[in-house]
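Next, two complexes with chain A in common: one pairs it with chain B, the other with chain C.
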Partner chain A sequence: MAWEIQSGEYELGAHRTLLQEFWRNFRRNKLSLIGGFIVLFYAFLAIFAPLLAPYDPIEQYDAPRGMRNPMPPLSRDVDGRLFLLGTDKFGRDILSRAIYGTRTLLQVAVGSISIAMLLGVTMGAIAGYRAGTWVDELLMRAVDIMLSFPSLVLAIALVGAFGIGKIQIGPFTLSNIVKIMLVIAITYSPRFARVMRAVVLQEMGKDYVAAAKISGASSARILLAEIFPNTIPPIIVQASLMMATTVLTTSSLSFLGLGLQPPRPSLGLMLNEARDYLFWGAWWYVMVPGGLITLAILGFNLLGDGLRDALDPRQARRRG
Partner chain B sequence: MIVYLLKRLILAIPTLLIASFLIFSLVHIAPGDPIRVMLGQYQDPELIARLREAMGLDLPFHVQYLRWLGKVLQGDLGLSITVKRGASVAGLIAQRFSVTVELATFSLIIALLIAIPTGVISALRQNRLSDHISRIIALAGVSIPNFFLGILLILFVGVYLRQPWGAGGYVPFSRGLGRNLAHMFLPAVALGTAYAAIIMRMMRSAMLDAMSQDFVRTARAMGIAPGDIVRRDIVKNALIPVVTVIGNSIGYLLGGSIVTETVFRLPGVGNLVIMGVFRRDFPVIQAVVLIIVVVRIIINLVVDLTYGFLDPRIRYGGER
Partner chain C sequence: MRELLRVEGLVTRFYTDEGVVKAVDGSWFALEADEALGVVGESGSGKTVTALSIMRLIENPGRIESGRILFRGEDLLEKPEREMRRIRGKEISMVFQDSLSSLNPTLTIGAQIARVLKYHTRLTRRARWQRAVKLLEAVGIPEPAKRVSHYPHQLSGGMRQRALIAMAISCNPKLLILDEPTTALDVTIEAQIFGLIGELKDEFRMGVFLITHDLSVVASFCQQVIIMYAGKIVEEADVQELYGNPLHPYTLGLLRSIPPLEEEAERLESIPGEVPDLINLPPGCNFSPRCALTDERCWHEEPELAEVSPGHRVACHRVAVPVGVGEIHG
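For the complex of A and B:
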């Protein structure tokens, strides 16, 4: 994500020195670089999943005589196919399922964060620009109420309302994956709204906004062309921090059986299935999906912290 | 103090009302007729008509809400439809409430016992080995999902070490407090770890903040024993932001308990809501979500009130 900001802002030209400073700060923190590499690794896995996965993730293979699925790492099936990370209870390749599961997880996380950002930023921008009016009051009340729900509880309640699996709204059918993205986006949009409102309020007090107003620019123009570009960095920091939370919520929902549905490969669901084989000692069934989820959350946490500290070095020094 | 308490209680009422309205509306955002959805394949027209009348679905929306709210205020949470046909939801929750409360309380205690001392030591020994180690563990703690940690604990304690209390499941108080607590220990660790990590990080940075304040320098210059400065000045001042984090993150504990109950097969409220979502039992979903939100709002209120005990500078009813 750091690279996105860079290329985006280089086009503006004027902020170059600020950006160079940002990059210097970011690079200095080794942990955030590690976070960046982890995130890149996941992006790589997700993008090239079809090339990286050795087998079809939903194809079932038979265990050879004397063995039963799930089979441990480095086992072979009846036809001699090698399974590097073993098989699951239906004889599907865990490595391929993990790679595709990672892809789905990132799809859902990126999709829902994008929708949440769109919703939240719009709400926050309007509330901030019209601060003190009834519009602001109404929007922020709504945000407060939504934040009074623990996020996972709100997500579960929304799934409860919509139902599990794909849903039919009038003539439209919403696929399960899009529905989950919407559920998570609704859950997390208030946080973006809060950040956006605060940033817009802060920017509104600055001279350049006053200058734009005096020169007769319309509200929409001031908000979109003048204020908006300055709100991008804090929103991106928020988004990268929220990615970790979203990965956790998405995989929690799938683990509970309320998220992605079989046979689609999903890391959370794999862990749920693996529970039944714990007493067989099927550690690989647990470690592969669990490890992948944990590493993803770690990577996004490190990257998010790094971005935040690089944009606000004074705070960072205090945090140590 | 009492005036402030009353003021806060009164301010919580609109939030609760709107939250309850949202929770009630959940049923109605569900696409399709809730009764047909709930009954699934049992589409008996007579039963549909009876349920519709019993639930008052033939009445206008606001009348339905007010009727529901009136009953809820009298402790009547409606009847379960599919989880346990005809059973009182309040009764179902009452049976399970103690399990969830025990889990959350136990987790909170474990989290505080780990987090506060570690945070203090980490800050006092900033950038030494013990600080680095505890910070890395904290980072891992916030990144590992509680369901994965729970499964790992079952795998190691229950499967590899063959401890009966490590295999999940619930033992009621009536069969001995010791066995009850032993079975609750791993779930509480799984749920409390991330919470401990969040609190520890806050404790550390709040300590560092307090340590750099002028009053600490003054106290040092006055020759007060370092131990006394830490206890009386630094820790006490650092606890204020930590209490805020404890309160704000309580939602994590409530949402996380749903997941933890699933991992360890505990018959708590979270387990009930998941069954409710699977079987589309709307009264059950509404009731559990409502209770969680009410509990959260009450806890936040209590947390706010503890500031006064920690920091005499905050005078309730005065400036605020």
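For the complex of A and C:
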């Protein structure tokens, strides 16, 4: 009978951990699973780049007699090396460059999102916990000012301020890649601050916070031990969706020549180089980096949507 | 019996954009150790604010304006916040009405009980967990060793309320404040919960401050009753006296609005009108706009809480105060 099956399911449900419950909800949405697989694929590419890339991404190879770089997919150089996805204008293997480019792209994206999360979550938590005070006012107005710029414009302005080479601050040397991470982190930290403040504010109104106060917990303890675990799901969702945006911003900066500098393999930079050959029929030159960027954005967005659906416990219960 | 709590002239106000809300306006009462005091009143009559004032958890824009809250002889309003934190959860604890939102959804029941123990005791991690299991057993949760690692949403409403009570009594408090602990539960569970609280009260010799708007619960559970209306205590007496000889028109109205069990009532009586706006209180007696017995004096002069017979206090001009029994405060 129908109700028997349901009550049986409920009994099972009673013994699931939060993680199992999350996975059960996440699995239901096929699109988010696809997103998850795409992201895993990228992580695989990035981690195992040195093993996967057939050639050195910076090494230049000569085209055989009668051909010129860039060479189309499946062509060979003078020594008979096979280039699965062709070569670029300097005779470098596009497949290897794309794999290494993915690696740098993910490095920058993960790095900058981590820094942005750290900055934004701290700002948002303080503002939310001290909502209505001058601290909150100060932090949130700063956030408003930063959010009033289009993010790419703000990023370009920050690159303009910091320069593109490495800079020396005391004993620390900030390499080009770390600087790009910082620029993007600063650009996107206000969004985390907004989300975090809203969530903290919402959680503060709940009775369990009052219950924690009543059981004698201090402010710091309430914020860290009681409220913080409840803010993780929305922050994870935000991070996943922001990964997509960051991939786009990183590539755009590189495309504009303001991001990663040659000869470091970068998908945005590859697109920039490919521009001149687009109307010469060198489709592979554009398609490979462009496709990889698009697929990454798609993957992170699908994953983010799926996480949002699966991590919202109220929605989960409504469906379960 | 020993006096556990004495509240003297407590005034708590909220400074909102619309005006000053006089949430608690001069409360005087006392609670003996191992006594249960019932506080009855409509929503917005200041019951919860009184409880939160005792815990000193009134937040902006609210302020405790004046008065003294003597807990075991010491004024809580004079204590530094650090010391208050040691008292909350250990000496005085509280249970809310909505058990689902009072429990942290991301932590297991055991972790939440263990956390309270961590704040107030020197027990080891393992000992805290074992004590959590014992507490769940004490509040009558079946299979406590298994339930202890469940999340709040995996328990039923009655079980959650039991878990909250387990959390509240984890450090053997002297005073337990219950804010409508059974409103979200059905009648059978309600009876079970009050049975449980009664047992725990006798076992641990706790004073209980029970906030409710259910007079029948008070009749069966409490020894002393306070009736609050618009931030003021309008009547106070022990249970027999209050139900046998109710004097304030509001108390009479409340008692009349309980559906009678024997007779077939055609229509349930209710008190006409509604609770006054706490920002713009009427002049004179707060209850005068809804009262059937008003005279000229009620509209202009605020009645004081006066003792009409030993232990029975009423704030009403229309109740004759016997000669020789004076007002207990100015």
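Simple rule for what comes next: the second predicted complex is superposed on the first by the 286 of 320 C-alpha atoms of A that agree within 3 Å, B and C clash if a C-alpha of one lies under 4 Å from a C-alpha of the other, contacts with A are read in each partner's own complex, and residues count from 1 in each chain.
Convention: a residue touches a chain if its C-beta (ideal position, glycine included) is under 8 Å from a C-beta of that chain, and two chains touch if they have at least 3 such contacts.
Because the structure is predicted, anything quoted here is derived from the model rather than measured.
In the superposition on chain A, A:Pro72 makes contact with neither chain B nor chain C.
Applying the stated contact rule after C-alpha superposition, one finds that A:Gly132 touches chain C and leaves chain B untouched. In the superposition on chain A, A:Leu248 makes contact with chain B only, not with chain C.
By the document's definition of touching, of the two partners only chain B reaches A:Ile145; chain C does not. In the superposition on chain A, no contact is made by A:Pro64 with either chain B or chain C.
For chain A, the partner that touches more of its residues is B, with chain B and chain C as the two candidates. In the superposed model, A:Leu158 lies in contact with chain B only, and not with chain C. When the two structures are aligned on the shared chain, A:Ser215 is found in touch with chain C, with no touch to chain B.
Contacts of chain A with chain B, set against its contacts with chain C after fitting on chain A, share not one residue.
Chain B makes touch with chain A in their complex at residues 15, 18-19, 22-23, 26-27, 29-32, 37, 126-127, 139-140, 142-145, 147-148, 151-152, 154-155, 158-160, 167, 204-205, 208-209, 212, 251-252, 254-256, 258-259, 262-263, 273-274, 276-278, 280, 282, 285, 289, 292-293, 296-297.
Looking at the complex, you find that chain A touches chain B at residues 141, 144-145, 148-153, 156-164, 167-170, 244, 248, 251-252, 255-258, 268, 271, 274-275, 278-279, 281, 283, 286, 290, 293-295, 297-298, 301-302, 318-320.
Chain C contributes residues 55, 57, 60, 85-90, 93-94, 96, 98, 101-107, 115-116, 119-120, 150-151, 153-154, 164, 167 to its touches with chain A in the complex. The residues of chain A lying in touch with chain C in their complex are 13-14, 18, 132, 206-208, 210-218, 221, 225-226, 229-230, 232, 313, 317.
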